[in-house]
Amino acid sequence: MECIPPVAGCSIHWMHSKTFFLDKQVLFPTLVSNLSRRMNLKGKIRSLISLLVFFVSFSSTALAAEEVRWFDPQKTGLLIGIFITIVLVFGFILYGKKKGSLKIRSIPGLEAMDEAVGRATEMGKPILFSSGLGKMERVATMASMNILGSVAEKIAEYNTPLIIPNYDPMVTTVAQEVVKESFSKAGHPESFKQENIYFVTQSQFGYVAAVDGIMLREKPATNLFLGTFEAESLILAETGNSIGALQIAGTDSTIQLSFFIVACDYTLIGEEFFAASGYLTKDPLVLGSIKGQDFLKLIIGILIIAGGIFSTLGYNFLINFLGK
Amino acid sequence: MRRQIPIVVCFVFGIFMLAQFFVSHPLLTRGYQNVLDWMQIIFVFALLVGALSFLILHLDKISKQQKEWGYNLVALAGLAAMVFLGFFKGIQKDSPFLWVFDNLQVPMQSTMFSLLAFFVASAAYRGFRARNFQSVVLLVAGVLIILGRVPLGEMLHSKIPESATWILNVPSMAARRGILIGIGLGSIATSLRIIVGIERTYLGKG
Amino acid sequence: MPVLPKYMKLNLDRRIIFILMAIAVIFPLVFKLGLPNKVTPEVKNLFGQMESLNDTSVVLISFDFEASSFPEVQPLANAILMHCFSNNLKVIGISLLAEGTALGEKVLKENAAKYNKVYGKDYVFLGFRPQVTATILALGEDFHKVFPEDYYGGSTADLELTKNIKNYKDISLIISVTDGDIPFSWINYAVARYNKDLAVLATAVMATSFYPFLNSGQIKGLVNGLKGAAEYEILLKKPGMGARGMDAQSMAHLLIVLLVILGNIGYWMERRKK
């Protein structure tokens, strides 16, 4: 292989190799089209594994001549942890699919979502949704968009105005798409107002000033703060409180949770925020993954207790292993 | 196909990023470096999208002379002024751009940040009420930390800062770690759902 | 039952609270109180770690803050920079937030001038790079690819301080001076992936988020808001803006406690009345 590692453009170089074209023309499209086809989950997983095997086998032949260090032993503990996580989460996803419906405990903040939307409709006032300061690559922002999808569907049914000021341009585009789709799903595409979902600024307190201003001018009946929030959480929630809005908040920041708890009516704590989309849509696949999450928590709990006992007795093998 | 392609792209990159963390294969390392470059490039384009969205929104409101459209005009004037100053007068020391930044933006934003002190006071006044046993525990812990984190606490009693540190490092830390573990697991499960295409609302193609 | 005075009613007008808070903050800034401050172990640890570095050590300081929090982060940045320059450590300044660029450059230059440090040899400022995650990860792979030029357009391959920096291996300590959650990205990517030492200097409202990582050893030092800055100034034996700010913060905290007591008296009197 003529590829020279330090050259950045060499990725283009190897793409022109004969082997790649042979594989690319025959195997790759087949695998991708398999994945795109409407097939069951098992079939999809099988196609995904084939695609993965394709990439691994291709890469090993393409760079066989180079010295390859396949695995860093320092990451063994982490790899095992991820493997267990994947097995449990997907195991429960399959279980959820098989069973059709799974029950998870009641989450007051999500139960109140209907009340929040209904209240705004009754009062004839808008609903304000903020996904905070998160960029699109953050899982909390994706979770926020997932909740927005469900909430927007409800909002569309009641024909209530929905205002979404955004901190990130990418999030703005995604939020517009999500709400548009939800309004169409609810059978009210005509009620979708793109101009109500807009980019404000990428300055933290500039954003706060804008959202506070919107709250004071538009007087929304409901504020939904779901996403990544930092020091601005209390300013937003207190302003919302001062205008008498019903407020539901959820964030992945532990410290800001305490501010939201003080100033909001309902707060989604910890993983409740990530479970919200499954809870609202009752999708068995999502609910299955939440069950898997619970089992992982159980395993972590056992490991914490075991680690505590062993290290108190002077045996540090568990800590040493997990520390890797 | 419009729905499937983003899911496939998401899956391939999700698995790739996971794999490259564990495998030190040169191909993956190079691919990873390319991904990092692309992330930065895409971000710059996203900023352009943001600026355009900002312009369109405010121009639309001004042209329709919607309620309080004067504010939209101020926003656009601010944007135009900073772009003009930045491009034509530079952003070096003693430039008008930096003057505006130091003398307008910094004090205005600091003012917004300082609101936190006022809101903390009003939230504490409203929130810390001894309604039942749990709220009494919360109240006592809160007061100890409020006093223990400033020199005043030390002046009142040497045990106050110690108690505050203990509360922060033991019960509060345990609770935070518990929540953090939940958040971590929630993030992992959500990521996995996104990678395999179960969760796709964020694509706008639920 | 006595009729409750207005100030003891449950819903004390928040404007009164705001005025009281303004007085509590402004008074100590005008009339110096000079309350004694005690140094916490986390600040002492960072100070000790900084002391253990020698004049060949390179410290990467990331000014991860915005204009809004500048009054609180400036004493933090000043304290750490004074320590770096007084110990002849080499400093590389960057910013992961656009607004932190001009402010970061300002504090870096001001402090370097105090110690007669030479640009390019003792310190450099590389400016802003967008996309936090990608920048942190890329710095671990190829430093010059992320920052081919410094803030002023000079090549980093030519500057004496940066020409031999390839990645995190050539950096002794990363310090994030922050008002947000960017240290989480430093922890997730620079610490977890590249095993690099990190210290965090954060505003008080954010600092509490980082304590779990301090205890787990993922952060080597944590300086918490104005109080932390004041403590660092004590260790440096150079009282400055941090110490002054602590008087105001003490008064603000005292007011909050008084408000909590007042609120509870009002609450209990109203309950008895009912």
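Residue numbering begins at 1 within each chain, and the chains themselves are lettered A, B and C in the order written.
Please note the rule applied: a residue touches a chain if its C-beta (ideal position, glycine included) is under 8 Å from a C-beta of that chain, and two chains touch if they have at least 3 such contacts.
No experiment lies behind these values; they were computed from the predicted model shown.
The most distant chain from chain C, with centres taken as the mean of CA atoms, is A.
The greatest number of inter-chain C-beta pairs in contact is found between A-B.
Comparing chain C-alpha centroids with the centroid of the full set of protein C-alpha atoms picks out B as the closest. Work out the mean CA point of chain A and of chain C, and you get 30 Å between them.
Chain A and chain B have CA centres that are 15 Å apart. Of all residues in chain C, those that touch two or more other chains are 14, 66-69, 99, 133, 179, 205, 208.
Contacts with at least two other chains are made by residues 137, 202-203, 205, 231, 254-255 of chain A. Chain contacts: chain B has residues 21, 33, 39, 47, 109, 112-113, 116, 120, 122, 124, 126, 176, 180 touching two or more partner chains.
By the touch rule above, chain C contacts chain B in their complex via residues 12, 14, 17-18, 20-22, 25, 35-38, 40, 66-72, 99, 102-103, 129-131, 133-135, 137-138, 141-142, 145, 179, 193, 204-205, 208, 211-212, 215, 227, 246, 249-257, 259-260, 262-264, 267-268. Remark: chain A residues 133, 137, 202-205, 228, 230-231, 242, 253-255 touch chain C in the complex. Residues of chain C that touch chain A in their complex: 14, 66-69, 98-99, 133, 179-181, 203, 205-206, 208-209. By the touch criterion stated above, chain A contacts chain B in their complex at residues 5, 8, 10-11, 14, 32, 35-36, 44-45, 48, 51-52, 55, 59-60, 62-63, 66, 68-72, 75, 78-79, 82, 85-86, 89-90, 93, 136-137, 139-140, 142-143, 145-146, 148-150, 168-170, 172-174, 176-178, 180-182, 185, 195, 198-203, 205-206, 208-209, 217, 231, 234-235, 238, 252, 254-255, 257, 259, 262-263, 269-271, 273-275, 277, 283, 285-286, 289-290, 292-293, 296-297, 300. Across the complex, chain A is touched by residues 1, 4-5, 7-8, 11-12, 15-16, 18, 21-28, 30-31, 33-34, 39, 46-47, 49-51, 53-54, 57, 60, 68, 108-109, 112-113, 115-116, 119-120, 122-124, 126-127, 176, 178-183, 185-194, 196, 198-199, 201-206 of chain B.
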